[in-house]
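Here come two complexes built around chain A, the first alongside chain B, the second alongside chain C.
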Partner chain A sequence: MSNQARTVDPGLALQRLLAVAVLLAVWQVVVFSGVLPSMTPGVVEIAAAIGSTITSAVFWASLGKTMLAALSGWLIAVAAGTGLGLLVGSLPRLDRSSSILIDFGRSFPVLALMPVVIMMLGSNTRMEIVVVALSCLWPVLVQTIYGARRQEAAVVDTVRTFRIPKLLWFRRVLLPGAMPFIATGIRISASISILVAVGVEVLSQAPGIGRQITLAQQAQHWDKAFAYLFFAGLVGWGIALLLQTAEARLLKWNRQANG
Partner chain B sequence: MSLQTAHSPARRATEQLMQVRGLTMSYGSGAAENKILQDLDLDVRAGEFVSIVGPSGVGKTTLLRCLSGLLAPKAGTISVGGQQITGPHPDLAVVFQDYSRSLLPWMSTRENVAFPLQGKGMGKAERNALADRNLAAVGLAGQGDKYPWEMSGGMQQRVAIARALAYNAKVLLMDEPFASVDAQTRFDLEDLVIDLHTNLGVTVILVTHDIDEALYLADKVVVIAEKPATVVDVIETNFGEVRDQVETKADPRFAEARARILHRLRDH
Partner chain C sequence: MAETAVSTRPDNARRRTRTVRTGTSPAARLLERSWLIAVVFILWWVLSARSTNFFVPSLQEILAVLARDLSSGVIPDGAAYSLTNLAAGLLLAVAVGIVLGLILGEANRLRQVVDPVIHFFRSVPQAALVPLIIGAFGMGQGPKIYTIAFACMWPVLLNTIDGVLGVEPTVRRFAKVYRIPPGLYFRRVVLPAALPQIVAGVRVALPIGITVMVVSELFAATRGLGFYILNSSATFQVPETWAGALFVGVIGYILSVAFVLCERRILRWYIKSGAK
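Presenting the complex of A and B:
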């Protein structure tokens, strides 16, 4: 997680390349060995499918739809979870009384809510956004509450003696102080957003990558299904990387101040 | 240097500024009540430098927290400029013992100093200019863009002092402000606080367990002892306005005052 190690160690890069090569080799061996059903595509077929997918307009359109739904749901969850979490975490009485609801909510299998949401909104992008937002809300909320609870006594005294107004305290003390925790929630929920968006599309046939995977599977285009899966993974990985970099830059004070 | 205009420089301390009567404080209640302060009186004149000295655990931090309005006393009154205080007050600024934690690590030193001014509703340009001037006053000119964690303990404490000065309070309350820095830094900071007191005319109440420090800094040393703590002696020092780490401490009057305080603390 270090950002001072900008230059990649060549030995490490080689090891990582090797890990990928081993995975591909194992895949190929398993396919040849006949353990998997005969229609399972080999490495070469999947590579070819990935190549043709990149140039396909349908792919880009469905990727766009998935990303839009994931991003919208995620942003809603981040805004709501941060606001609510700061409120709950900074008000001990609200914190104590709501903890049972929050513990219940975080362990609730949100995907199981999907049929209800479909009944209310139909099998569409709006429904998908709602399910994504509900899934992403909990990590952000729980992390933010942790962050807001953890207020330094010296900071609390400082804020009191200098008579900092409530709103200013909320914005410039409570929020940044909880930010390292909030960032973790944001990162976790970003991965969840893609995961849930694709999952909802697979299950509900709402438009997007997930639907394309199901369609490819039904048409027995297994190579294509795997290519789409590959891209779904790539997107999730890219987002995680992006957020990690942003966090390292924006929360530099946190690592420096707390060793 | 025109930092603040509220105080005329090096004015003779005459006018009564802060008054404490019958201050009593305890933690817990009933059988578990732990009495810390009992019937404590204190008078501070405008522009005066008062040290409060007492052994560790006697209740110095408790006393300072009461004076700053952070703790409500069980009994007694505290007033500033004739007005009884019931909580944190704009005429009081505090420099905490735990200075490194009292600075906000996500703010630059300039923002840290300017933050209480933002709370007062001051505009950005004005409060940043004021922050820079106060940073310069504590010897940190041009360091406003640094973050607290990029600075040594001594420098962080200077930032905390600059923040309290910029707040433009009448009284600066300091709780063992130099207890956790090395000896040389400590001497530098002591001399800085003497300079600020002399040049800006700000009233200082400083709490310490170090008798030499209390004597070296103050116009008046208040000795507290016993359990629950009460004032056992008040000594007006008269080493003059200009102090020197070597000469002042070698002054026979200094040795005499130190012996008197040691006796007082031993007798209680």
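Presenting the complex of A and C:
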């Protein structure tokens, strides 16, 4: 919706730029006023750091490492979560038995488990992928279960009456029915994957953007730390937008049916 | 505003349609719900009992350590510190989020103008803030609370906006026609109407807050649950590390269950009205 508004209304775009300018001005004033600790960089320093960061090879390498770890963990979680979720969701008995376990898992702050995983796997990308996968699993799993669970009574009866074979039922009834929910789970977990990947890097020696933020901060390169933070936000934002668009496009049939 | 509604959708998953099956006793239902946990517990116990891996202690050892540190007061002390930070940060986030959300929800133009800024800040990985805020403001309690508050504010803010936008146009016009003063209007019309959405936002914020709480302490702290885990792993006290991580998980679970119970209480009128 906001995309539409942007193309239709040039005044809005201008005002948005103005809002950003005001925000930057406030930041600069706060830095000058000395309310913040003295090392806080001003707008110009951060802008310069952003410029020098984007041309540095280290930045692109660490971005690549973060993305790779996030993507791998996310894909593992999507595969495992959908598979398990469809199984659990379509078997009411298993569904009821596993509910407490799944509730426990989804409320577990997985980053707290990171020191344990580090002890077992070491402080590297493999560990990062495991922690990302463990974090991303739950939204996919819970959403898939929910999607598989709600099958309309009429459809269930039809399947039984016509003795639809299991495989066909899975492919043409269960999966499409659960798809909108699975898509939501996949989208949520994609955002989580970046958050967790950066979080793991901030806390451990695993290479990536988060590691660079910690290193820059420890070396008192505050402008650089802010520049990396800016890019981390940009990546998160970009992924959220991308997935929203993709989901809206892929699931058009569903929206039309509902709306 | 399709974009702002993002975080509310998965919550439907919680409102499970409970199929009340006649003929099953409460005992049988309890058994059905708990056997899998018992199996997992026993499997872990048995499989880890013979573990020779230094980094995978037996469950028995982990639980013994957990019991020891629980009764000696080390873990309760850390938990009190951590949970104070969480509560303060969450309260701050809810207060700021609701006030800003009410304003932005009513001011259409302003909302459209700052919309990209909000979505950018919301996308900044919360954990990445930890080194900057703690590095700048020190290891004390304040910076940790601010970090938690900053991370938790966005879901509350976005959901409040969404809730305000969901106020019935007729009700809104009514309030205008009867010249309800703004204070009364916000307090008695908009806030109750947006409350279900706001509560849903806080529910999304809670696990984020718990994660940031732990991360802020894993990064640098001298007290708290995260510090307990970090300190144990740095000194190779393996069972303690496991015990700390498990304990944080249990706290996360208890808090989320407690929140759902509270939510049902707060929103009783809403659930009763059968809306949605």
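By our rule, the second predicted complex is superposed on the first by the 241 of 259 C-alpha atoms of A that agree within 3 Å, B and C clash if a C-alpha of one lies under 4 Å from a C-alpha of the other, contacts with A are read in each partner's own complex, and residues count from 1 in each chain.
Just so it is clear, a contact is a pair of C-beta atoms (placed from the backbone, for glycine too) under 8 Å apart; a residue touches a chain by one contact, two chains touch by 3 or more.
These figures come from a predicted structure and were not determined experimentally.
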| item | value |
| --- | --- |
| Which partner reaches more residues of chain A (counting touched residues only), chain B or chain C | C |
| Partner chain(s) touched by A:129 [first = chain B, second = chain C, both, neither] | neither |
| Chain B versus chain C as contact partner of A:77, first or second or both or neither | neither |
| Contacts of A:179 with chain B and chain C, given as first, second, both or neither | first |
| First (chain B), second (chain C), both or neither touched by A:155 | first |
| Which of chain B and chain C A:137 touches, first, second, both or neither | neither |
| Touching partner for A:164 - first (chain B), second (chain C), both, neither | first |
| Touching partner for A:203 - first (chain B), second (chain C), both, neither | second |
| Intersection of chain A interface sets (partners chain B, chain C) | none |
| Partner chain A, residues of chain B touching it in the complex | 68-70, 88, 90, 92-94, 96, 98, 101-102, 104-107, 115-116, 118-119, 147-150, 163, 167 |
| In the complex, chain A residues that touch chain C | 1-2, 5, 12, 15-16, 18-20, 23, 36-37, 39-40, 92-93, 96-101, 103-104, 107-116, 118-120, 139, 142-143, 145-146, 150, 181, 184-185, 188, 191, 194-196, 198-199, 202-203, 209-210, 213-214, 217-218, 222, 225-226, 228-229, 232-237, 240, 244, 248 |
| Residue numbers on chain C that touch chain A, as the complex places them | 1-3, 6, 9-10, 12-13, 17, 19, 32-37, 40, 53, 55-56, 109, 112-117, 119-121, 123-132, 135-137, 207, 210-211, 214-215, 218-219, 225-226, 229-230, 232-233, 238, 241-242, 244-245, 248-249, 252-253, 255-257 |
| Chain B contact footprint on chain A (complex, rising order) | 152-155, 157-158, 160-165, 168, 172-173, 176-177, 179, 253-254, 256-257 |
